[in-house]
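One chain, subunit A, links the two complexes that follow: it is found with subunit B in the first and with subunit C in the second.
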Partner chain A sequence: MNLGQLRKIAAEVVAREDVKYLIGWKQGSYGYRIAPGFVEDAAGAAELIFSPLCTANLATYLTLVEKLPVPRGQEADKRKVALMVKGCDSRAVTQLLVEKGIHRDEVVVIGCPCPGMVDPALLTEKYPETEETVEVKWSGDGFLLNRSGEEIKVPRDELLAEKCRLCRYPNPVISDILLGEAVEPWELAEDNGVAEVEGKDVGGRWDYWEEQFAKCVRCYSCRNVCPLCYCQDCILDRLNPTWVNRAVNFSENTSFHIARAFHLAGRCIGCGECERVCPVNIPLGRLNRKLAREVRDKYGFEPGVDPEAEPFQASFKPDDPGDFIL
Partner chain B sequence: MLLNKDKWPEFVGRLAGKKLLAPQSGGDAVRFAPVSDGEVPMLDFKNTRVPPKQALFPQTETMYRFQLGTEEIELPQLDEETIWLGVRPCDARAMAIVEKLFRWDIDDPYYLKRRELTTLVGLACNEPGLNCFCPSVGGGPASTEGLDLLMIDLDDRYLLEAITPKGEALLDVTGDLLDEVKADAVKEKEKVVSAAEKKIKRTVDTEGVSAGLPGLWEDPLWRRVSAACLGCGTCTYLCPTCHCFDIQDETEGFEARRCRMWDSCMFEEYTVHTSGHNPRPTRRERTRNRINHKYSYYVDKFAVTACVGCGRCVNLCPVNIDIIEILRQVKEAL
Partner chain C sequence: MSADYEPNIVAFLCNWCSYAGADLAGTSRVHYPANVQVIRVMCSGRVNPLYVMNALQQGADGVLVSGCHPGDCHYMEGNFRARRRLGMLKSLMEFVGVDPRRFHMSWVSASEGHKWKEVVEKTVEDAREAGPFEGFRRQQIDW
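Moving on, here comes the complex of A and B:
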């Protein structure tokens, strides 16, 4: 994608009277880091980038924004928020529309066709992060790293993020403005992560998740980063009654993770953010993808692809399979 | 004293009898885990994801147990002697800094009892991480503050320096494995430590910050630096000096316990009043508080910055909120 075009369009969008600000990606403070950018003017638009490091799903900010009470005599700011989205991010926006978490006229969607992101953990492991910012680009069928002037070409397969290996929607499913050319969807990889857990017997699966959940420190970064975890009153924050104790142990941690996964069944769009942000490396994507597959296989439902769809967990059909109900 | 690395397994064996924890990777993020009998921890790590503050300040601490409907309480038995092996100097320093708070208005029995039962064996950093900035906030890669014993890796041997009587006791039980320090080892230590200091690239300038921060209360910088904040607890839970806690009662049938558990000023409910009013209504106020607490309030109260420059919050923030960058902007605004 042409960065000049991106910045020009972004500047045009933020100049619009009906747009409050634009959320996109900008260079972070060092190394491979990318920071979400909240752009209000042309100078901010000139900092925007789109690169294989822009893994973050910015759709979470649509519902994360804190709305303070409007003082008496003042009008609420009803201008739109412009949002840059990749394919997966656009599915989050679509699912939010389906759930009426947001309304279509509240958002300007700027779609970025996505050739696939690098996995920041794999990248850091192979090419340790440096203090200087490192530019990473798509180049042919791979990635091009520019580390202090030294160019390194890395084959796509070596660094491609797991969520992208499993992605069927690299192009935004909705957008008001589309930047660049659509990309050709690629051949899907096997979901080895889910297969590894499925390959274990019940006891083995329990042991596996026990080990994973025991690590959890309950920072809730997985919940907060998730564009579809946006309940105003989360059961995890309730103190009276306390549905999930604040005590950090295997039992409470498991309650938390089961609640999180189940609330996302038929809603998770697979952006992989929960797993990316987890500070103790819990492979949360495996739980989400397993549930997504169950919903797809049993109900033929895929979240975040059709803005006119009925929300899966809020609809009923007489021929829904009930074989799991005792 | 000097310990030849050939004798490391034997040295670790001598520590048996007390509960021993050390950093372990197991193909995953490095974390402190108990060392089983006969196991020899290899100390090849940068630092653990979760700091060892849990040694003295567990994420969930049972204060006492009770039965609903009775007035009897049962205090927990804190009597297990524990050795934490491979604590980085920044994390040990953080424990010394936090101890000032737990000794402030009252002597906190839980924290101080655990400190009494715990021996902290440090390992100086020869290869500091990318976001380490300990020298900027009063520490260093071989700082001894808060430690009982410091180990410095001199390639084929460790230089062991006892800091407290507990550290000396460890040298006593392992005395026959150790050699006296000669001039060459002292020289080598100086070389290793100064090389490590030179590898630390990132810095913060704290001059005038503690006095100046309150004056920046309404500065636009807070909106800027907090815009992307997700409001999760990563920066605070993984911070070795963050020590905020909540106290809650948990019941199971008629069995109940009162616990103290980590809390985070980045959570919305942290300051929410019973009325529903929240004096820190958005992540702007919460971010401002986090920086003010570390770099101003704590300095006013205890004459030390409540940040040891371990870099965890910078490494692990999902949206690149970088405390070094925030402090740069604070300095600029002063």
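Moving on, here comes the complex of A and C:
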């Protein structure tokens, strides 16, 4: 994608009267860091970038905005928020539209067709982080790292993030403005992570997740970063009734993770943010992908594709599978 | 597991069908295992998956959710919603490694006292085979 074109269009969008600000990616403070940029003028638009490091799903900021009560006699700010999205992020926006978390006329969606993102963990493992800013680009069939003047070409398979290996929607599902040209969807990889857990017997799976969940420190990063976890009154914060105790132990952690995964059943769009932000590397994506596959195979439903769809858990079909019922 | 182990089952029964069915089993003098603790809810669609998790955390070895047959729901569609949600919960619990024998769902109508007996026998038998669910108990602190 041409950065010049991106910045030009971003500047045009923020200059519009009906746009409050634009949320995009900009260069972070050092190394591979990317920061979200809240752009209000042309100078800010000139800092925006789109690179293989832009893994963050910015759709989460749409619902994080605090909606303060409007003083009497004043008008609420009805201007739109412009948002830069990749394929997966656009599905989050669509799912938010389905759930009426946002309204279509509140957002301007700027779609960026995404040829696949770099896995930050894999990247820092192979090429340790530096204090200097490192530029990463797509180049042919791979990634091009520019570390202090030295150019390193890395094959795509070596660094491609897991969520991108399994991505079926690299192009934005909805967009008002599409930047650049649509990319060709690639061949899907096997979901080895889910298959590995499914290959174990019940006791083995319990042992596996016991090991994973016991690590959890309950920082709730996974919830906070998730574009679709936006309840004002989250059951995890509620004290009466206390569905999930705040104590950090295996029992409560398991309960928390089952609740979290369940609340995303039929809603998770697979942006992989929960897994990326997890400080103790719990493979949350496996839980989400397993449920997403169940929903797709058994109920024929895919979240975040059709803005007109009914929410999965708030609807039913008379012929839903009931083979587990005694 | 000791030989005299008796599983605890928590059963969430819908007010209109299954609770009446269990009542019928009682008034008909049908013998069924006494391991079941019944919690009456207004509809099987009211059963939050967190109820199931909390029951297992607080001492249940198995959970049963029972409602009206599809199409017979007092609220027209509550049991359809329950079927979709709890079906997802069951596959999620299986994936996490909770023994699938610990969670059952059934349709028992108000006239099916005998079916209620069969369902309870099956649930208790399964929970007995699965054994006590000690690993998942909520850790209480005694001050």
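For this structure, a couple of remarks:
In the analysis below, the second predicted complex is superposed on the first by the 324 of 326 C-alpha atoms of A that agree within 3 Å, B and C clash if a C-alpha of one lies under 4 Å from a C-alpha of the other, contacts with A are read in each partner's own complex, and residues count from 1 in each chain.
One rule holds for everything that comes next: a contact is a pair of C-beta atoms (placed from the backbone, for glycine too) under 8 Å apart; a residue touches a chain by one contact, two chains touch by 3 or more.
Only a predicted model underlies this, so the values are computations on that prediction, with no experimental measurement involved.
By the touch criterion defined above, A:V183 lies against neither subunit B nor subunit C after alignment on the C-alpha atoms of chain A.
Touch criterion met: A:N249 reaches subunit B and subunit C at once.
Of the two partner chains placed around the shared chain by superposition, subunit C is the only one that A:E294 touches, whereas subunit B remains out of contact. Of the two partner chains placed by superposition, only subunit C is touched by A:D320; subunit B is not. Of the two partner chains placed by the overlay, only subunit B lies in contact with A:P36; subunit C stays clear of it. In the overlay built on the shared chain, the residue A:E198 is in contact with subunit C alone; subunit B does not reach it. Within subunit A, the residues touching subunit B in one complex and subunit C in the other are 245, 247, 249.
Remark: subunit A residues 28-31, 33-36, 38, 56, 60-61, 64, 66, 68, 129-131, 215, 217-221, 223-225, 237, 239, 242, 245-249, 273, 276-277, 279-281 touch subunit B in the complex.
By the touch criterion stated above, subunit C contacts subunit A in their complex at residues 49-50, 53-54, 57, 70-71, 77, 80-81, 83-85, 87-100, 104-107, 119, 122-123, 135-139. Interface of subunit A with subunit C (complex): residues 197-198, 200, 202-210, 235, 243-245, 247, 249-252, 254-255, 257-259, 261-262, 265-266, 287, 290-291, 294-295, 298-299, 312-314, 316-318, 320-322, 324-326. Contacts from subunit B toward subunit A in the complex involve residues 28-29, 31, 49-50, 59-60, 130-131, 201-202, 227-228, 230-234, 237-238, 246, 248, 250, 259, 261-262, 264, 267-269, 281-283, 314, 316, 318-322, 324-325.
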